[in-house]
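A, B, C and D are the chain letters, set down in written order, and residue numbers restart from 1 in every chain.
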Amino acid sequence: MDQLFVNLKNMALHLIGVFAPDWLVSLSSILISVGAMTFLGIFIMMYLTLMERKVIGRMQNRIGPNRVGKWGLLQPVADAIKMLTKEDIVPEPADRLLHFLAPVMIVIPALLIFAVIPFGRNMTALDLNVGLLYFFAMSSTTTMVIFMAGWGSRNKYASLGGMRSVAQMISYEVPMVLSVVPVLLSVGSLSTGKIVEAQADLWFVLTPWGFFACVIFFLCGVAECNRSPFDLPEAESEIVAGFHTEFSGMKFALFYMAEFMNAFSIAALTATLFLGGWQGPLLPSWLWFILKTYSLLFVMMWFRGTLPRLRADQMMGLAWKFLLPLALVNILAAGLHLYLGGPAGFASALIILLGSFMGLSKVNRSYVPEKREYVLAD
Amino acid sequence: MLFGMGILRGLGVTLKNFFASYYKKPEEGGLFTVEYPEKRLPVKERFRNFPFLVYDTTPENMRCVACDICAKECPPKCIYIVRDNDEAGRPLKKPAIFDIDFTVCMNCGICEEVCPFDAIYMDHEFEIADANRLDALLYNLPDLLKPNDYFQKIRPNDAAQVDARRLEAEEKKKAAVAAVKTQAAAKDIKPE
Amino acid sequence: MSISIEHVKTFLEKELPGISLKKVRESLLLQNPADLPSAARALKDSSVFKLDFLSSITGADYLDYLEAVYHFYSMQNKTGAVTLRVRVKRGSPNIPTLVPVYRGAEFQEREAYDMYGIVFEGHPDLRRIFMWDGFEGFPLRKDYEQEDSETLEIADVQWLEKRSVQIPAEMKQKAEELHRDGKRAIARQPTDKNTP
Amino acid sequence: MEKTLQSGDFKEKSFVLRGERDVDTQTLEINVGPQHPSTHGAFRMNILLDGETVVRLKPVMGYLHRNHEQIAENMSYAATMPYTDRLDYFSSMSNNFGYAMCVEKLASIEVPERAEYIRVIMAELTRLVNHVSLIGFLLNDLGAFFTPVVYAFREREKILDIFEEVSGSRMMCNYLRFGGVKTDIGANTLEGIKKIVRAFPAFLEEFETLLTKNEILCMRCQNIGILRPELAVNASITGPMLRASGVNYDLRKVDKYSVYDRFSFKIPLGSRGDVYDRYFVRILEMHESVKILEQALKDIPQGDIINRKMAPFVKAPRNFKPAVGEAYARVEAPKGELGYYIVSDGTAQPWRYHVRAPSLINLTILEDMCLGQKLADAIVILGSVDIVLGEVDH
């Protein structure tokens, strides 16, 4: 049951191998994986939108979409048709090339990241030994594309959104990368497959430095894909719809798809790095992976349903003055924990991390809520 | 207390609501949205939407006597009445034309209050949307007329009070007529 | 609890010798509008009244004069209304502004200007507050001629015909007639009610 | 920015944020409104931005101006009552309350006990509805994706059902008449109100755990848009905004109108006068309103609901001709001091009818609060001022 998809692929290859030359067989094996990835990407994106609307609906004591299809299951199909049939308006002063290129160039990296994600035991499309570096390279291209979209549509709100996203992406890229360093320290390799195998007996999140690294990585991931509470680039209440104000129809659908695929890949990476990827006792490996990823996606939607938005300078301040120092201390703690090993290392890492957390929250006075007392006069 | 505690407690509230919407009843925080076309919320008795004219048994003997008080009192002036007159040209106690423009009416209920003949009351029917704004929402006499038992069905208490008052006025009138008749009879006997 | 108007009258006459006041139904009428800022400042700074809260400014049109009514309260003493009035001719509706004394007067004076045409000299930016800038006329004045929306004017007729809308003959004939006489379609004649 | 910004700072010298201007940047002028997700209606702010910092902010209004005052001057006194519902369409009962009180003061009509109690109950229920919805919309401006609004609207729905049961319409109640109220409250309606009032503190408890100590809300709202008490009083600011700056001025305690002097309740006062104080003062005011409601519901007397003298005018409102004279009455509406100034010339139509709209006057110092803050803060400050365009443009 565990190797279901792998066996299916081998059977298909044997079938093709019967009457095709071997170069065609290897080509078709690549094509099968690529086809599976793209279909998976689109399928995930469609049903993530439905899941998000249902989850946030339930949090707000309402039902969420249930008109199209049995429990609203066809709602994504209806959305897709609507997006495709809507008129695609290009504002007159806009820069046509940038306006056309931006949605295309935002979906490509979102799909390329899927190659590195280990969906199950030896079910990684391409198990590069620089998997993690590849992931960071791909996810950092979206910065430039969002600014291109914002600047290209010649709209004051869009350019404001574009500038905000550049500031946000850069300031959250640094703590994100630093938070992954402890994982590399303990595994010794960048390839996602090896990282998951290294967590066979002990998930990294259960170690003190692993927990802090997971929280930092997840928060920075949420900021990378512009989701609440860091959704400044597309803040509806302030700058209408941020960088994708002037995009409609298919172009808007591509932005929408890219945002959800980034969210999925961030959740998948957090699960892979810290929650032990597809490691799990009874269930088949790929089912474990889906469970962990979708629980993290639920947390993302939970954030969106509850938390208000940060202001631009607070968002940057949080990254540079809070998450970055915490990530650096985390590397020190991880080193200590691995060097000393055993309970001594565990305790010392824990003390250092908690101490630094308290110290940092003292340093950032302006982020901690003031105590206020209110007079009840008559 | 710890830096992130406020946010965590807030998240706790939404999570509680998330699970509550599955098993709790609507009153104590469960799912309280009603899926409109299939299930509907009961309309309260005093709910007022656009007015309608009441007739007792057949549309002929409607209560409205075209006294034009409601048209004068209506704030946005959306009622138009033309008195009917019989073939000899004498005015009748019946309106020939009674139009209410539902695009102008703001269902404030003043016509119901000022009508001295209990002829016009506020309806509970609110699904009257229509594609054509000018003609479809200009209700004239036939569309406005509704029987008294419809009025009893939608507003039982108010209708009961109105009918009691009308009945009592009826008795008083009959008694007064009877009194006048006996008085007239008494007068006839005396002069002979 | 309210302040007796005589008390205010004597105080003002003592404070500003040259002022001429007249009691009008529970309020003080300043004969000369120019005294308004000094009177208001005197009442505001006086330790007895401390009228630091200008509740509302209302313009009003009494046919042969325009009037601005000011309601003052004191937030510190929590005492009641002191009402001042200023009357100006329709021809020269100029009243000195109270914005340097009370910041709260800014929007209310703009509203009085927009609706009644009372010009408040010295107001930081006296623009129309509700109507668009190109609007002529002052809507709340009693002699404001309201355009009659039922009858069509020649411009409307042309505009409609350009969009191939059939117009009943007598409407078109009425429009030409109006155009010949050079009149506008007026709905409301100025009221000739008695003044209170 | 430790130096507290005086209101005069920005008028004369061109506002320079970073000392002498080493980098010559271009200011960006954007029009927030009249169609914008968070301007609470058709309201426009012409903002000059230096980067994301507000350098100049000009409010522009009038998009919803219906000339309510001229309509009232061409209609009888009773016919204007449904139009006052449309002033601040979130608290129609308070608007009716103010108008009814002004005409009663003009024609010196007494209001029987039971009607006064019903009016206070309805006014306090409107205050709950208004404050709860406002906090929901404030959180919307802050970016919380509709969850606080939906929780607030769940409570608001219950109260609107009571309004529908009592007056016939959820938002456009047209319920008060000169000298009393239109119809009586049945026993089971009173029971329904008691049930809601009993359940309200628990809801407020949940609302507060979701919001009050939320770090992001505190970050976004504390020390933003500070309003000093002297500037507030000078600019005739009234309502929760004034009390959040620490000035103790609530008409229910100052004028003691209607039967408010029989209830014991407190007035919450803020200390710093920023957006957070305005948010929290409104929550405390809701607790106080619940206290008033409990007392009012406990000892509401029996008796007729409208002054007997006004009976003939119920059937013929056009005969109601108050004596020549003028009257100015004001009521503590949820948004501030809602005043009505009516001059009567003896006929059935008022000669002059003026509404003192609290939202309009509370906007006077919007620019002073937003100068030097970020664009995101300007939107939040506008949200905390609590304006409804029906009342601003009346």
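Throughout what follows, contacts are C-beta pairs under 8 Å (C-beta built on N, C-alpha and C of every residue); 3 or more make two chains touch, one makes a residue touch a chain.
Source: prediction; values computed, not measured.
Peer 1: Please tell me whether A-D or A-B has the greater number of C-beta pairs in contact.
Peer 2: Of the two interfaces, A-D and A-B, more C-beta pairs touch across A-D.
Peer 1: Using mean CA coordinates as chain centres, what's the subunit A-subunit D distance in Å?
Peer 2: Comparing mean C-alpha positions, subunit D is 43 Å from subunit A.
Peer 1: Report the inter-centroid distance (CA atoms only) between subunit A and subunit B in whole Å.
Peer 2: Result: the chain centres lie 58 Å from each other.
Peer 1: Counting in whole Å, what is the centre-to-centre distance of subunit A and subunit C, each centre being its mean C-alpha position?
Peer 2: 61
Peer 1: Measuring from the mean C-alpha position of subunit B to the mean C-alpha position of subunit C, what distance in angstrom results?
Peer 2: Once rounded, the distance between the two centres reads 41 Å.
Peer 1: Can you tell me which residues of subunit C touch two or more of the remaining chains?
Peer 2: none
Peer 1: Which residues belonging to subunit B are in contact with no fewer than two other chains?
Peer 2: Subunit B, residues with two or more chain partners: 3, 6-7, 10, 13-14, 17, 32.
Peer 1: What parts of subunit A, by residue number, touch at least two of the other chains?
Peer 2: 59-62, 305-307, 367-369
Peer 1: Touch graph across the chains, line, ring, star, complete or other?
Peer 2: other
Peer 1: Which positions of subunit D touch subunit C when the two form their complex?
Peer 2: 7, 61-62, 65, 67, 69-70, 73, 231, 233-237, 247, 249, 254-255, 324-326, 328, 330, 337, 339, 341, 343-347, 351-352, 354, 356, 360-361, 363-365, 393
Peer 1: Where on subunit A does subunit D make contact in their complex?
Peer 2: Residue positions touching the partner: 56, 59-62, 156-157, 160, 228-229, 231, 235-240, 304-314, 366-370, 372-378.
Peer 1: With touch defined as at the start, can you tell me which subunit C residues reach subunit D in the complex?
Peer 2: Residues 25, 52-56, 58, 60-61, 69, 71, 75, 78, 80-81, 83, 102-108, 111, 115, 128-132, 139-140, 193-196.
Peer 1: Tell me, which parts of subunit B touch subunit A in their complex?
Peer 2: So the residues of subunit B in touch with subunit A come to 2-3, 6-7, 10-11, 13-15, 17-18, 20-22, 29-33, 35.
Peer 1: For the complex, which residues does subunit B have touching subunit D?
Peer 2: 3-7, 9-10, 12-14, 17, 32, 44-48, 69, 72-75, 106-110, 113-114, 116, 122
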